[in-house]
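Input: a single structure, listed below in structure tokens.
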Amino acid sequence: MKIAVMSCIHGNYEALNAVLSDIDDHKAEQIFCLGDLVGYGPHPNAVVEMIRSLDIPTCQGCWDEDIVEGLNACDCSYPSLLAESRGKAAHAWTDQQIHPETREYLAQLPLTIKEKNMSFVHGSPNGQHEYLLPDVNAFTALERVLSTGSNVLFCGHTHVPYVRTLDQTKMLVKVEQQGQKDAHYQFTPSVRRIVNAGSVGEPRHGRPHATYVLYDTDDQLVTIREIEYDYQKTCADIIEKGLPPIFAWRLAQGLEFAERADDPSHVCER
Amino acid sequence: MNKPSIVAVAGAAGVGKTTWITQQLAGAVDSVGYFCPKAEATPIDSFHLLTEFPQLTVFTDQQVDKLHYSDATIYIEIGFHLTLATAESLLTGLDAQKVAIVPPNLLNLNTEWHQWADVVETGQLVSSTESKDLWRSDLSYQVIDPASIDTLWAELTQGAYGLVQRAKGIFDLSDGRSFYFDFVAGHKNRYRELNLPLWLDGRPSRFSGLEIIGVSLDRQSIGDTLAECCLSDEAIAYYQSKIKENMLEPV
Amino acid sequence: MKWAILSGLVGNLTAYEAVLQDVQQHQVDELYILGDLVGPNATSEALVKRLQNPRKGEPTPQICTGWWEEQCLILHAYGQKPEPTALIEKYGAEMVKTLWDAVSRETVTWIRSLEFGFMELDCLLTHGSSVSVADDLRPDTSPLVMCDRLGRLDANYLFCGRSGLQFNYQIADGSSTSTVITLNGATPTTTMETSNKFVVGVGNVGLTPNLASYTVYSPASGQVNFKQVSYGFGKGFGNRKAS
């Protein structure tokens, strides 16, 4: 079966439409969405409406959570003063724009979706705020996948797509325990994968195009898709709707917005 | 009477005037002076040079008369904001040697720089665009969040606020250090920590500031964004107390 | 240099006195107490007073918060969570009042000043783990979880007390290969390796009647020694050495 996984749409309706039609062209049978439907972009309600009408199983992202719970992020969520003031401006705008039914929908989204040997999360199984970057320590990466009980972990949040295969893992463990016989064993989990779906609406891979992934559950083939769309229209809407214009500039560059916390393994406890 | 030895240095923004002067200062044996006319509000270059050459005598616009009586070799940097005609009038009565820094592609031409100068030196490539905007901000007493200024600097130099050809700044950062940032379009950003003591007692009264030269600069946004990079009194006090705490701990 | 590392006192003053005596025979340089000082009992307050006022010649304990301290903080609205959900789930709703009555506000104020853990040399000493005081690392925990907890603070040794057990868990050797494919193509396969990482359960002082356990660690040699101390009426004053 061919599935499509997308993430981080961020109120970018133009990009979502382009991705959906590409998914159509590739005849994916099922779509999964990893959250962050709102934030940064100009069309939060339209994006949520589209996802709902297509009945796409969706996890809750960090922006979705913030809109539901209110913005009480701890300091560490913002790596800089600038990121904080921009984040707050975007949050306030989105909060004021979204309809009650949009908020209700975002509130009931699950943190994790499990389907056969696949798990779907926004950031990591530890929470929506943790970044699973492609170069995170291999044992840490494996721990995250194994904690879900799945073989393949789909995540987003970093806005840069990647596929990481973790293979040939061997760990030699020795345990001495008071009152017990010493134990020696080899821990050899089978191959595991982390698939980051990138970002539909706020790409940060250096180009303005939308990204998502296709996955074939039969041959486990992952295809990273990069889709061109009329980003200038989204940029114009960002400015017209009164969002910080720098978001439009960054969207057009496909630039990383410096909102990543210093410590990628930090888990925000709220 | 000692005749002052005066060298006036001119050239396009970003061509390397201060760099050339730095090289001369580094090789100087006798006492040296520096004067950048009409840059008082944001004396980035003189402040920057002073941190490298503490023995340097820096002249201000009010001290122009003193240029005559100094024994030092004085370098006068003609900033891009002054026309050569203005420069000429400033140099009246001073027996100055005129040095023009010219980008390599113009070296063998006969530009206004060539006509003005006694000596032509090779600088680095700069884009030559007409109608340049100058944006300046004195940031003294401000403490800047390092991660924020990194973001702003990247945006600024990549064109988010208009086409920037030259930007240089001195920033007092939240860790108490003072940094010099330097950008010329088409070249790599340069960053250098200034040789100054950590500032850990309230708002720094030493100089910091930013100067940007470009085309159709979005002045409002640059100012607003820069303001968002500045720490509050509480934040400054917090960082300074943390740093002092850590300094007390044995290594 | 030697460290004595204790946890799980849960208000058991008699057990603590017995351990303290034993500790003094081993000439330790540092005394670490990894939380769970207090518990839902009447002697907790006295134990805290004892910890706060070491007698002449006794080492001054370095103390961090444990699971029970965290519950006290939550009850007094100093916690990171608004409701004592974990406490109720584990011990029932009536425990809220029992604990409230057992630990005074003054003590809770003191608890607030305690550290979450200590990082000494390449050793992390904390009640649960680098994640939380509730993190229950055990002899059968996956080595990947152990690696993660150690890696968060770049430690080679993690001393913890949540399980109450005495164990020395060693990841002697480990490797894993990774291949990352991005929009720019595949990056070269890398192999991550690790070796000689340790998670040590230090035992518990006060949970088991008449038998206290703790750990002595020598940072120079990496030697971990588990100690057990019998105490109380009818149990003699003997010192049962760990095997």
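Quick notes
A, B and C label the chains in the order they appear, each numbered from 1.
Here is the rule we use: a residue touches a chain if its C-beta (ideal position, glycine included) is under 8 Å from a C-beta of that chain, and two chains touch if they have at least 3 such contacts.
In this text the structure is predicted, and so the values were computed from the model without any measurement.
Because contacts link the chains only in sequence, without closing, their graph is best described as a line.
Among the remaining chains, the Cα-based centre furthest from that of chain C is the centre of B.
Here A is the chain whose Cα centre lies closest to the centre of all protein Cα atoms. Computed centre separation for the pair chain A/chain B is 43 angstrom, with centres defined by C-alpha atoms.
Chain A and chain C have CA centres that are 35 Å apart. Averaging Cα coordinates per chain places chain B and chain C 55 Å apart.
Shared interface positions of chain A, i.e. residues touching 2 or more other chains, are not present. Those residues of chain B that touch chain A in the shared complex are 145-148, 150-152, 155, 158, 160, 221, 225, 228-231. On the side of chain A, the complex with chain B involves touching residues 79-83, 85-86, 245-246, 249-250, 253, 255, 258.
Across the complex, chain C meets chain A through its residues 80, 131-132, 139, 142-145, 147-148, 151-152, 165-183, 190, 192, 194, 203, 213, 226, 228, 242. If you check the complex, the residues on chain A that touch chain C are 134-135, 137-143, 146-147, 160-178, 180, 183, 187, 189, 205, 211, 222, 224, 226, 265, 267, 269.
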